[in-house]
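Given below, in the form of structure tokens, are the structures.
Both of the next two complexes hold subunit A, though its partner changes from subunit B to subunit C.
== the complex of A and B ==
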């Protein structure tokens, strides 16, 4: 059973579907939800989806980490390290943006007493 | 020879140094920031002379492109670095007297981060590096919009953050797709390899990039954050955001379309989008009573005009667009800076309360009028020459669609003329007795406005020089990048 499944769907496809699922779910939450905290969670989900997509770009089945610890390893047996470096940067940026967004929401909640986008209407949304 | 990397490193390092420095000397941060901006002006103007012999290519940390990250300081990068540092420096002078409350050292640190980020965006030759600088710009502008920490600023900032993050997510997806398809992140290398990939993924990448950068560049359906953010931010920050931040996002978008992705077929769509943005911006500005909201919507209109000129697919069009960017940077900064003290003194955002302000603040009101007339395109101000160049360039393409678009641009100009003149007439009518405050803006705040005003008034003296520089920028944008020409 396990083997049949593995032949039908390759790991890459699972990763792609998962990442686009996360991105679309995240964006759906951002566009439909009214609660600011949930919107930020949605943004974070979308970001995670993109990060998975970038890692998937460098994934090669069965290959190992690109560390030259064993002399017998050839470059063909390694995965691409660049996407992983990119993802590290992207995670840090995402962390910063999320932290800032939550801080802003806390301040806005102190000022207006609400987290509901449709109730905070100092400006035209 | 000066290294273009200093343009990014110096403001970035100063920004990190400022919070520590303010522990030793409280209130010294503004002088550090001024020094960094002044340094950038000096470096950028020296590079402007050097760059005539061809773009300067900088390899960072000894790793050659396409593996390492590299900078490419061509005419485009250097001209923008100069615009950014000059506007940044003048706004910093203004900030010294205007920004009084809040965490001053954080303000100056974020200000410099904004300068470093925008400069990095135009200089870098690596698409992921572009994303990092883009995020630096975004995050520092989110915080600066909310600097006053009033509910309007916070709300505008959150709105900006949400839309901006969606934009960055799309941008990042585009980068992931680029790396999957081409295995490179270097712009010159992408330009070499883009021909080899199928047109569907090419289109998907370009659309994602345009949407991602278009949020920051305030293209029509993606710009609902702009009026709130620009109107709620402190006036100095509005001047920066309107003066060059959106333009930088736009020019990077256009540069990628022309010289990296060679997607000239999408330019017609961008031209129509530009004119739509223009009309929507001008019509919305027409209905505003809040002066800063009117100016913010006018920025949307101007961005549309600039995008229209840049997407004409001719050198003349890009030259005219660059010209309009320079004019808009100077004029819109004047308008935001001049209105800053008017708002502070009268305590009102509504321009109907400014009746007679020309008697109390003659210099500010006069320069406001100059900036407004230049944006409308009245001779002999700089805006007249840029607008006429745009229209001539559009007419020279000979396409029927462009003639219709010119008609729409002229309609937009008329609307723009009506609302700007309405504001200016209110300012210059009345005796000044309606206003209770005394004394105008301090000299430190008027000086930068006067200097910018001189650029707009006397700019036509430098017309031939501006044209040569803008032509070089246009040639650089139209030309396809390639790895071979870098070494």
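== the complex of A and C ==
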């Protein structure tokens, strides 16, 4: 914790504020909102926050993307490629999940005529 | 009441996040990468020969994982198709397309396809690759479907391309098993000249297969939403 408080404006602060803010806002929407589409948007926001956290973890200030496009570039000048590859996978999976969830919501709306979670019957378990 | 409980839960989870992730020292503060990243960056050019290190991680070092990712995307598209096929209200004409919109979409379409192909083919040299390129191609098709009702989707062709691309990915991986290395997705082709289009062995071919698969999958999903099995409704 002390190294966060030491320098107020640094990359860590961007990571913490952006990613934690998005994760917590998204989860708050999921917990409190009743509209199904808004819940999906909240899930998407939380996912974006997690992606920012992972990709920012591999970032080093002043370094370039891990692409050897010029012969003069050395590995020491580059950022970490592994988190970026992980986030690439995560974005694609998130896209698929969102599309499927929205399709389910469309079907549910046709069946029940409502997007309100608390009004939809048959969800009791 | 609901909001208060939600806020309490959020504060609890936020406290948990800060206590867990707060003490973790990120490379951004120390300037040193994690050991895996250092190893990959050091050996990647000699081992794989792709200019884009992220692509080599995605397609070769974690190639099996990417196969799973493609499978998840396939399942999502399949579920979308099953749920949305022949939607009545989507088949209705969305709006009366204006002349400018229609002509603009026709004008844009070939360039979007070309750009998507460029992104796919240069996946191992520049940022991009099969996934973004496939999405761009599907977007081009989506625009033309939204603005005009002349274009018909040939579902058989799309399914055929999708299956062929998936089989190419798995087939290229399986060929690696017969070679001396005996490993799935072994890079059996020659590495070629570094930083050219035909370099890095099987990476361009696998990424092209992924691009075709993603593009045809999403095109099929979009098409299935707008067309019933008997074609788009004429009147509506």
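Miscellaneous remarks
Operating definition for what follows: the second predicted complex is superposed on the first by the 116 of 125 C-alpha atoms of A that agree within 3 Å, B and C clash if a C-alpha of one lies under 4 Å from a C-alpha of the other, contacts with A are read in each partner's own complex, and residues count from 1 in each chain.
The definition used in the following text is that a residue touches a chain if its C-beta (ideal position, glycine included) is under 8 Å from a C-beta of that chain, and two chains touch if they have at least 3 such contacts.
It should be emphasised that the depicted structure is a prediction, and the values quoted were computed from it without experimental measurement.
In the superposition on chain A, contact of A:23 is made with both subunit B and subunit C.
With both structures placed on the common chain, the touch criterion links A:115 to neither subunit B nor subunit C. By the touch criterion stated above, A:50 is placed in contact with subunit B alone, subunit C being left untouched.
Of the two partners subunit B and subunit C, more residues of subunit A are touched by C. By the touch criterion defined above, A:107 lies against subunit B and subunit C together after alignment on the C-alpha atoms of chain A.
In the superposed model, A:41 makes contact with neither subunit B nor subunit C.
Look at A:15: by the touch rule set out above, it reaches subunit C but stays clear of subunit B. Of the two partner chains placed around the shared chain by superposition, subunit B and subunit C are both touched by A:97. By the touch criterion stated above, A:89 is placed in contact with subunit B and with subunit C alike.
According to the touch criterion, the shared surface of subunit A, contacted by subunit B in one complex and subunit C in the other, consists of residues 23, 27, 53, 57-58, 82-83, 89, 93, 96-97, 100, 104, 107. Residues 128, 132, 135, 138-139, 142-143, 146, 149-152, 154-159, 161-162, 165-166, 168-169, 172-173, 175-176, 179-180, 185, 224, 228, 232 of subunit B touch subunit A in their complex. By the touch rule above, subunit A contacts subunit B in their complex via residues 23, 26-27, 30, 36, 39-40, 43, 46-47, 50, 53-54, 57-58, 82-83, 86, 89-90, 93, 96-97, 100-101, 104-105, 107-108, 111-112, 120, 122-125. On the side of subunit C, the complex with subunit A involves touching residues 2-3, 5-7, 9-10, 13-14, 17-18, 21-23, 25-29, 31, 33-34, 36-38, 40-42, 45, 51-54, 57-58, 61-62, 65-66, 69, 72-73, 75-77, 79-80, 83-84, 87, 125-127, 131, 194-195, 221.
By the touch rule above, subunit A contacts subunit C in their complex via residues 1, 3-4, 10-12, 15-16, 20, 23-24, 27-28, 31-32, 53, 56-61, 65-69, 75, 78-85, 88-89, 91-93, 95-97, 99-100, 103-104, 106-107.
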